[in-house]
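Think of it as A, B and C in the order they're written, each chain with its own count starting at 1.
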């Protein structure tokens, strides 16, 4: 009994430490976003905003609620938020789907050069952004894909596919062959087995791959900086630094925008958690 | 997870010889090619060909301010060896890789084990854990530079409030503390990635295995070492590799906390300065090709090691 | 534009959206229409569709300026903006790839040598409006190889900013005009306990730090290079050497906050706005309006620009203006030049100053604004503008970036106490010679 209590207490303590570590700096961003510009630089430091203001949030979304705002920042902000959602969402769906299929091919379908292809794709994880930047830019300009959702999403896919594919391959490898065997004996085809039988079992892996891709694409900065030059495709990560001009850095506004930017990924995780939980082996009884 | 040998093993159809064996194998190969081809084309166009073009440039002198692009052989590569700035940047990078990879692995595994063992509130803790990763990089950098700010920062403020230090410290003035500060920002941001990868793997371990271990009287640590870690070795390999590669790519964190300071400048910062500020483009690209090769080499050491160690389990 | 903080983002995304839609609509009509209608629509589209892209930092030009330009010329403008820190990466990527980042791009004073040597920009000598060539005194900063590569639109130069209330409290009636007075004033403010560290100066390894060192070099009457292009800061009697000694003693005496070794311009400015600093030694006219804005600053109404102190009786400073340039790879050079001439007119520079605080580069526009009383700290600014010289006589050299970085690193090392002044000047001189040897 006491051992169990001790374990519970230990876990609770670990959870609290983990929360402080993760949320401490996030709290600081939140506190800064609620401070007046004149309270931010204070010594000794203001751990709690001395007076709370919503002026920065009003600038970002006030226009939505009919508040007059001569700066027009809210339009740029909402548009960039929409762009971020489209780019990260599109990249996530495409990458996860492609990784699910390609990794299956890499595990279960014997074709010439299979391992070479797989290892080379995984090796591209190690390609630093600068290594491909200039030739890629030339190609994108040539194809007219700069400043298009499709072009940017394709770059994201090429960046996040290797990790997702590797993750999916290791998930498929851990699935017992006997399940597929049984499906084949029932006369199911390869594609049917892959989509209907194997993928549901691999769901936690797929969800993990989707979370990784979404978060990666959501935080992408270098790619959209170069490939999303206008408001048509520019995501939040590229818009937010513009709140810092050469002469004035609007810390409150930048932090408020950052706090907003954390909401969609947090929602994604809270929502997808359920599928991540669905104990893989629950029904299979290996 | 199983070993690469499992991947190399013939597919199911080959294990059960049947009249249609040949047909099935070839149709499998066909289907495999059809499924893999779009990926191969995409990766070729967006990664392999650009890398090859950049590698080609690295054997030439591509400096837009000088006329022509003559072939220079390995000169851009040999030049690195005698360049003190490059050497210094490499040392900083090795520190980041060693410190970040070990911290991210330990913290990520700890977080994943904790999340996996939780019955209530797991989704909330998981959401909290990934938040650092969701904060846009520029905001992340800004928050941390305020935390480390000698006067107005949280770190000095807290340490002084609790009487741990007498006067404000300038964290970026001393190489050891500067390197640690940069590493912490990176670990804070990237640890969630490991936590998610490892949590997904932990989810695939059947509960019965733990029960069996408990019946055998194995302690928690022994279970972790003998049951858990071998079963998630594949995911550990992925986590280690991605931490290694992202640590080799550290740039923003160092740049925003300490600008171009040589005390913290990583190799990626050196590449940026060489190729984009000083416009010695091909010299910078030679460095970036080197970083790529080194990070592949280092990662494959772990991956092979992990696969070898778990082969007979 | 990077003139001021407020009102930076009055872009009209709605308009852009509308334009995009109407383009699509036009395109669709072409496909579906009768051949006759199709060719007519094509001709109309071609006549109408001249569009240029403009890439600028901050919020770019105010929407009303763009609208006026389109109304006058029929040329549509797709204005693209980026944060200042990221603009350089974006521009270099496109230029190295052999493409135009936009038809009109930002050109910072520090890029001129590189971009000129690379042949990336279109010379503007023959196409710029003659009145602009005449009225803009900082034009030589944007010349490389005898050609004018940029039209300066944002007049930035170094000057000192002081907290007048702090000075009054310390019993100082007028801002210091000599270096000795400056030091005396700093010590007086510190002794009176008004601020612990009266001088604000960025000392991290970045461009803000090297440019601050150049300014203090000029305060001591020095130059960076002699007429033959050799380093002129190694002699202990030279301005550059004395500037490093000034920084070292000021840090040692506590006149400059030791924390400044982690600061760039934004952090120094925050400290000034919080009232923790009495002088920003190396600032510009741009942020003044922010300092005096009670919403953003705790010392509103107390800050004023002040001429750069000196040792010779004559104030000196240098310009760091920003210009508009046309990449050689642009496909709409004529329209791009039209845009540049439009915004470079006297009326438009005055208009933009009132809209977003971008300080005009034209002497006639500055004189007008000062006469009308709309120029903040107008007299000091006009006095200082007369003393603005280029940092490099023949335009910014192509090896400027590595030199600037070496200077910042050395100044930072001196401030931390890792390097003596002698070692620092030697390391900067070595870097300058190495960098020059490559070209």
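One rule holds for everything that comes next: a residue touches a chain if its C-beta (ideal position, glycine included) is under 8 Å from a C-beta of that chain, and two chains touch if they have at least 3 such contacts.
Small disclaimer: the values here were computed from a predicted structure and weren't measured.
Asker: By CA centroid distance, what chain is farthest from chain B?
Answerer: C
Asker: Looking at chain pairs A-B and A-C, which one is connected by more C-beta pairs in contact?
Answerer: A-B
Asker: Using the average of all C-alpha atoms in each chain as its centre, how far is it in Å between chain A and chain C?
Answerer: It comes to 36 Å between the two C-alpha centres.
Asker: Distance-wise, how many Å sit between the C-alpha centres of chain A and chain B, to the nearest whole number?
Answerer: Taking the mean C-alpha position of each chain, the two centres sit 16 Å apart.
Asker: Return the residues of chain A touching two or more other chains; collapse runs of consecutive numbers into ranges.
Answerer: 40-43, 134-135, 241, 251
Asker: Give the residues of chain B touching no fewer than two other chains, as numbers and ranges.
Answerer: Touching at least two other chains: 151-152, 281.
Asker: Find every residue in chain C that makes contact with two or more other chains and list them.
Answerer: Residues 89, 93, 96, 270-271, 274, 276 of chain C touch two or more partner chains.
Asker: What residues on chain A touch chain C, complex-wise?
Answerer: 36-38, 40-43, 70-73, 75-76, 79, 133-135, 137-138, 141, 225-226, 229-232, 238, 241-242, 244-251
Asker: Quick one: in the complex, what on chain C touches chain B?
Answerer: Residues 88-89, 92-93, 95-96, 114, 117-118, 120, 204-206, 257-259, 261-262, 264, 267, 270-271, 274, 276, 398, 401-402, 405, 408-409, 412, 416, 435, 438-439 of chain C touch chain B in their complex.
Asker: List the residues on chain A that touch chain B in their complex, please.
Answerer: 11, 14-15, 18-19, 21-23, 25-26, 28-29, 32, 40-45, 47, 98, 101-102, 104-112, 114-115, 117, 120-121, 123-132, 134-136, 139, 154-155, 157-158, 161, 163, 165-167, 169-171, 173-174, 177, 180-181, 184, 190-191, 204-205, 207-208, 211-212, 215, 218-219, 221, 236-237, 240-241, 251, 254-255, 257-258, 261-262, 264-266, 269-270, 273-274, 276-277, 279-281, 286
Asker: Can you list the chain C residues touching chain A in their complex?
Answerer: Of all residues in chain C, those touching chain A are 2-14, 16, 20, 55, 57-59, 78, 80-86, 89-90, 93-94, 96-99, 102, 266, 269-271, 273-274, 276, 284, 286-287, 290, 295-298.
Asker: If we count contacts the way the header does, which residues on chain B are in touch with chain A in the complex?
Answerer: Those in contact with chain A are residues 1-2, 4, 6-8, 10-14, 16, 25, 27-33, 35-36, 38-40, 42-43, 45-51, 53-54, 107, 110-111, 114, 117-118, 122-140, 142-144, 146-147, 151-154, 156-157, 160-161, 188, 192-193, 196-197, 199-201, 203-207, 234-235, 237-238, 241-242, 245, 248-249, 252, 268, 271-272, 275, 281, 284-285, 288-289, 291-292, 295-296, 299.
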